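To start, the structure under review is shown below, and the notes come after it.
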């Protein structure tokens, strides 16, 4: 096996498509957002990317236990109101520094081959506490890209996120920018402790405003409600019955 | 030394052989099963595979302390009632993501060179508790392979094992399937805490039913009894004398 | 992307320049010292070095959140009183043994291409306790380089630092020496627990004496005062109110 | 820099030389033994081996703090009574599985180039307790090598050491044996907690008997005495004053 192998499943003609990346990361915000696009719109699988950098792993699906080798996938989404989308999803990031660079280069090559010149890397930024208002932070490959995003509701805070942006999202800005992609990273604020559908929705709402499409959030809202129930139960368990442990000393 | 070196020890003509993989893993189920095949049937060593991905290690055997460099081995087993077997065993998995891919590709190349078109990856799936009834879970490279295995007693449970299948077994499904091997993974349920000969027997019973051979389990049953004695002693030690710790509060 | 990519931003003619390395390390002494040179003197960015060995990361700067891919940078500093300087700074060291060797070789190639034959690697050496007097320890690629440094106030202690010198600084001595660079490492004593601007100043004072330039320390002294306030507050917090914990036994 | 670079310092004609390997390992037994050979006999540095697999590190020696890049070294020792020795020493093992294989291959290439056909890998085997009698365990690349070693006092115990032999010593048996070297590993029993000059002496006494030379142990015995003083002090500190902690319950 080569280090990276690409299955060319289909090669439709796209009209000035936009790369949307949603690989796993903080709060699975990017992954949830990208997968929601694929659920809500008609999409077509166009590329599978296998890599020796990914874990040596298959997922097992369906009644018959059919195994699928770990890969990243590109789907195209053709939307009437907006530009075509080239959506990158998957279950894994690379396993090494070098692997992140190699894979992102390959992802950008593929986007290039479909004629994409713009890219949005979707992700989450951890706040360390439960989030009430879902702000979306931005970073861009070139200063002139910031204003349009600001209009779409994105906040730019000097030197945030403090530790920079790591992984494929970071490199879509860094390597992408060096190759001439107009790249932006949209980072939904999220606690960092939980899968966060609400943060994914906030990120998608920016994309909606920026790219001109409309999308339904019912299924994401359902998942958000489920998560809130989970959080509620955890809080109940932690708070426990009336008398806290510390008081036992006084009645013991 | 090359990354991978193959010693061609023998190259017998085989008739539509089936690759059986049993490298170390959960409960050593696959390894026990594969080694039991080699013990019970006449077998011939045909290939040794050395790799810089394996630990830099020799094992030391016998009265004279003769050292053997870590390798994986292929043995052929010719059975009257069933198809020829090409059995892959060894003491180690690879040390990196990339190494798993490279080694499994090499293993499949070797199976290919002997004319194998089918593969069974043997292993265990951890349940986290002591197992009473030894179910064998299955996964396959293509849906049409599931029915014959179901008839042989294999269970297919949607989306199990939850974390997918990792290591060489997973890649024999994943890479093997991509190359056209009819691959199946047979995973014996096992606690995950102990070497489990009973789980290995359950896996072999599926192979027996599927491939049409018969095998004696006396030696595996002996090992299972030894393991049960060990478990019994551990339980005794943990339970200790009559009064459990928790009761001390009431008499203290 | 290649393993290492070099952006040639500018290539001014330099007169017998001296390589000054200040990458992150103990107490950030080397990095603080190198960056202070770039702040106090006029400097020009001449090379950016990108490497797949660096973390897959961008930093985000300014009002518009512009992302910059992690890299190491060379700036030239032309000083009236002393030789030209070629200053190497960055935010990261390499992520593997091999990466350190590859990157340092590249750094030395670049220094070579500018005609540099001398190198100073700047860093800190941890003492494990708060430092009162900021001694600078030295190490050299050839014995004849020691005397001039001694005159500039550097101490040489047999077999110190005990564990040798690791990272790019070590290799500028080791690989540099093997290629004919006159290399020296200047290590400011520092506690090892804190960013240490005073230790950086001590190291720069040696460079001043050795290379014949003069530099203002006001901004480093400001940072040192800030650090001392931080240390003071930590000590207050640790000492807490009048009675130390140990005494509680006697009054309890 | 290449992955591995070899400095050819000298290339004396040797008469049927024997490779002696003493790199760092359990109790530093092999390293102590090999270095003792170089101290007691006249020796000549013949090769330095640099590798990107070694830590990116220099050691600093002498009054003038001269830095030396981490390497492995071959010295030749010409002994009147016995065969010439080619002694391999150094401060580090490789940093990865692959690195161990590559380095050992290179070491065997060098031994080959000097005409060596025999190799002794020296090391320690951990017992987990203080050793009273210093047995030397053996392992060999071929069964016919065991008898001569038994006569020299080496013990062979079936399947010991249980975990096999790892690192360069293991590969000198494993890779060496595959290339036709008559390789033996001599492992002095040692607690595994301390640098152990007595175990090194036991290993050297086997070499003496097997190769026919004589060597003085005064300096090793001095180091052994120093170590015993250290051990004594640690034991004192652990035992502390008259009443052990457990007794406090009875007087408390």
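In this document, chain identifiers A, B, C and D correspond to the written order of the chains, with residue numbering beginning at 1 in each.
Methods note: a contact is a pair of C-beta atoms (placed from the backbone, for glycine too) under 8 Å apart; a residue touches a chain by one contact, two chains touch by 3 or more.
All values derive from a computational prediction rather than experimental measurement.
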Chains in contact with chain A and also with chain B, listed by label, are none
Joint neighbours of chain D and chain B, given as chain labels
none
Please flag the chain sitting at the greatest distance from chain D, going by CA centroids.
A
More than half overlap in residue numbers between the two sides of the chain A-chain C interface, or less? Answer same or different.
different
Taking each chain's centre as the mean of its CA atoms, how far is chain B from chain C in angstrom?
53
Whole-Å separation of chain centres (CA-atom averages), chain C against chain D:
37
Shared-interface residues of chain D (touching two or more other chains) are none
What topology does the chain touch graph have (line, ring, star, complete, other)?
ring
Give the pairs of chains that touch; include all such pairs.
A-B, A-C, B-D, C-D
Within the complex, which stretch of chain D touches chain B?
94, 96-98, 100-102, 104-105, 137-143, 145-146, 156-161, 164-168, 170-171, 173-175, 177-178, 183, 185
Which stretch or stretches of chain C touch chain A in the complex?
1, 3, 50, 52-70, 95
